[in-house]
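Have a look at this one before I ask anything.
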């Protein structure tokens, strides 16, 4: 096991450091204003010109100098009125307290002890306002945002929100699998997905409904023809057809059917996806590990601008666990920004924030009527 | 390994069953209207008075009778035009097809093959409209909804939504731990939680801010006094104090500080929680395994009404994974209804639906002004 | 909100019920031997011929009759010496206590209040001995166990355990994707997977190694030829080739390369998988949602035996979260038995139990030498 | 949105860079030996002295120079025999190819494009041999490893493995909650945990068994007395009592009972835990968010050695999801090393590796007889 030495306090950097300053605790269990808050890293306090490590180190506590001149790390609640407690907020020695941050193991940030340093966490706030503005800007500048979605989006009621984004010009292309279209079309024809209603009830005989939906589209010949023939009357695929938004449905070994539009050869399917990935100026990946990582594989981390400058390609990855986002990053899509939530809720709030932002800018009539119709 | 026999087709129940009916496939890869959609369970088809199990069983396929009189389970895409395919939608033999559902192992529903039969799943739709109506009805009838929350709610911006529910009369009592109040108060004083801003940035020196927030309240003597003294000026605890909504803060071994209001003895804390659990007419448990299960332990599954009737005690459990809800049920709180999502998003959408429902009923002036102020 | 009445205690079923029996608590905080342990369901206690609901219901407590004749639900720790506490262990009224279990909402088991009733949970024990015996029996009876695996199995050191199962005759066929073979072959050629060593270190330039591995096999023409040419010298694919165990590698849109053996058309790939699914007598699905659900789609829930009897088709699904197993069941593979653990650990312990079981039966020389060589 | 410029290729660092070198593809779909494998970052290739960005950037592909002098990023499978493909493995320009890694956004490693860079992932191998050696060394040097465990460990059969570690001298102190001891004692007395047998069966009337177990220990007065009186005859608490290994059981609001040994005041409980944390030379945190974070709060990240040197305090955190480990790190315990697996399996394999390591060193008679008795 490797060991490491304490800092070399004879180094010039420490020459001008003062002794630490102490202030009395104003009451039992109350630390003085400006108290130094400890970390779990090796810590040294300058007393009479010598750097002393306090005893019983732990984080989130005070540094107490007892009457015998002994220095302790002690929780605030255990402080007594009048106890001398170190004050300061710098960890670099300039206030007489030095924290040996370079010891931090396992490649963590070497410069500071911080909380909440993980890259992806459900505990981090989601900045919907920022994402809404990005999306509106992409639309305004004629960008090409690609949406890559899994079937969880259609199981739940996010279907109508996704339809709204398509109808209102926020989708450059939709990349998905057979299941997204199957569930969406089952919902249009029968009002269910996998036989479950949109409030979560199981219907009698429902397990065959997705097969009947597929069969109707196979009989029609294509999704576009099924829209023309009035078989499909609303939803994600309907809006794509109506607004001429390109979609790529790629096949997988899980597919029932599949629908006639599905590209069943994986390499042809990659080529079809890549034709959109090359043009992408933003990517929104929702509730799909397979399609998200496939897209990440073929997506540059940047967008080249006409003037030779570059900018990051905003890549938002939404999933109910941290795992998919970490996996995407672990396969090289470092620019992915993770949003850990339920796909249905993500869609609903993102739409809400886009609508709010548009309202604050003065919404277009189209958007307003769409909002009214919801 | 246990085996089981095929059904006894000499039984009276099968006496009147007809032969299965077949129809020709209208095109290659297209099944006839009304085709029978298979399951993975033992299946028997009546042909010339005999019950025959088709070959190569699988789900989501058709039943094809070939020219040699052999019966196959075959995927729709492999059907040829003119193939004879069984039609029907009943699995009880009355259309000549019998599915042996009682074989279903491991205690699954014995009466049907269904999809989406799991109790808790992120794939199920969340009925926010229903929850919003429940909450409004509780308020109208003078119910006592208890809210039990974990700190994830405060890390994110759900803090302002929670404050709104308290301010607008939807909270009978708040049960939480030290951390909820600490993060909420850090947010009020410093604008951060654990040193992270509400858009997720880490602040310099931020790791000590929650300790400084605690110290200020300890110096003031209580949360209510810190509100009086103008130290805490907004947020969850502020609204509780302002609107005299009772709260119980229970201690744990993870606590920093703790705040002066925290009940540090676990048994006293249970007694304090139970005083509210006894009165509860609804329970909303958000982002906390510890407090949710503790509350579930002491919550009846029902509410006794004045007339001697009873009703279920609506218990909503929100978490980012299915695990906490399943765990809660596994400890006996069977009535818990699981919502698998991010706490921040849950709060935001639930509030939105409550506001929409109120608008559709004609909102009270108080609520409208609150909405305007957001 | 629906309400329900208390039981009709005038019904004949209740005619012979006795009054509840009470015994004194032997000490403060200690319940008498045989105390009745409460649930959270509506409960009625017969006192002097009348059925009374106790006050303040909750689970895991005792029923106390106070000196005023009032009946309370009270935690054991709050009992005082001499308190009269109900005794009994039946909930059907025959000991004077009736629990209204039929009220249990949301389709839970109507017959009993139980803990740990969820179908899949990481908290349940994993019966490795049982699985090991199933696998050995399959081998002995000449069964056809199909193994369906995701790449997580190869990232970690489960690779050598999987190789062992193939080499020792426990694998009828291997169904997987391009990535499983790519990582396995990268490990054979370069000792890494995705550039990571088998102790988790990242290697310099490692991000290209899987591409170089693929390129070598493409140059050789097939995996079998790469084995022949000495390019691939150990691992999963090596053992399959060496022992002539059939494998199906199906393509996906995520694939790099792909390897020459990969079936890139999803429908051809389904047909290839199904040729093995039809023969399967057991299925082991490890660390793959895509391939597990694809296999589940085409797998009957039962095995038809030569004598016309049937038995369940044992289907084990291993994943690090409950989600994949629940999803598999939600798509109709109800017979799946979930094991919530890390794939590497699963493989290692399963092999260990198979080895132990063989040792206890007197292992074959082949197996013993293989064990010695590990 | 911020933009960034391409590198300044007039800088001295680029003065000596050669043109990139190209080699012909040996066959359709096969790249030449030593091909350059692309990333998704801005990339520039030197051709005739000029640095050119290739078109259609993506990762995991080759760089192809077509006959018109145009440079493309192209997947290996799309390469034709004779296509000129860039060769090299350096990204710093010294082989005529420069990758602008400093563009990598969101604080990712600025020096390299890598896979598998996440800190905690179920896809990483678990180095049991290393952990086993650490544990044996701790025992040999008289260290003080503290074990902090949640109840999942006792639900499953890891109970006997934990007992083994205690009995064989690998545990300095055990820190846990009421539930660990309750389940362990229920298992000793009734053979169940929460009424579930160790193969996962639910027993009749089982929901009250943990209450009866608690009641017996409360009647005896303490766990040690219950051991003395022969009520508890095996398991974790039994071995602690028998081998005089100190344990701290801390109370929580979820507790049934609690057992007489439980410290119900959270602050007293923290003090009791800290007395062991101060002495700790290693920490093993298994299947508990609450106790792991509580311990992490009071644990230094390092051990001070007698000679003034320091070493990292090995901290292993085992959980079934990445979340708990990330949370622990997000609260400052950066030194935690995450193992994402099932607690039962972790315990079983760790014990196995300890036994193997001891065997390879020549095990002590005590250990060998323990192993024989299993």
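The first chain written gets the first letter, and so on, giving A, B, C and D; residue counts start at 1 in each chain.
Criterion: a residue touches a chain if its C-beta (ideal position, glycine included) is under 8 Å from a C-beta of that chain, and two chains touch if they have at least 3 such contacts.
All figures in this text were calculated on a predicted structure; none of them were measured in a lab.
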### Message
Count the C-beta contact pairs for A-D and for B-D, then tell me which is higher.
### Response
A-D
### Task
From the options A-C, C-D or B-C, choose the one that repeats interface A-B, i.e. more than half of its residue-numbered contact pairs are shared.
C-D
#### Entry: CA centroid of chain C to CA centroid of chain D, Å
22
### Message
Using Cα averages as centroids, what's the distance between chain A and chain D in whole Å?
### Response
22
### Task
Measure off the straight-line distance from the CA centroid of chain B to the CA centroid of chain D, and report it in whole Å.
30
#### Entry: Per-residue overlap in chain D, given as positions that touch at least 2 other chains
39, 59-60, 77, 113-117, 122-123, 194, 207, 256, 258, 267, 270, 297, 321, 330-332
## Note on the structure
Touching chain C in the complex, chain B uses residues 1-6, 39-42, 53, 56-60, 75, 77, 103-108, 113-119, 121-123, 134, 137, 267, 270, 274, 277-278, 297-302, 304-305, 308-312, 314, 321-323, 326-327, 329-335, 337
### Query
Okay, in this complex, where on chain A does chain C touch?
194, 207, 250-256, 258, 264-267, 269-270, 273, 289-291, 293-294, 297, 321, 330-332
### Message
Give the list of chain A residues in touch with chain B in this complex.
### Response
26-27, 29-31, 35-37, 39, 59-60, 76-77, 89, 113-117, 122-127, 130, 152, 155-157, 194-196, 198-200, 202, 205-208, 210-212, 214-215, 218-219, 256-258, 320-321, 340-342, 344-346, 348-349, 352
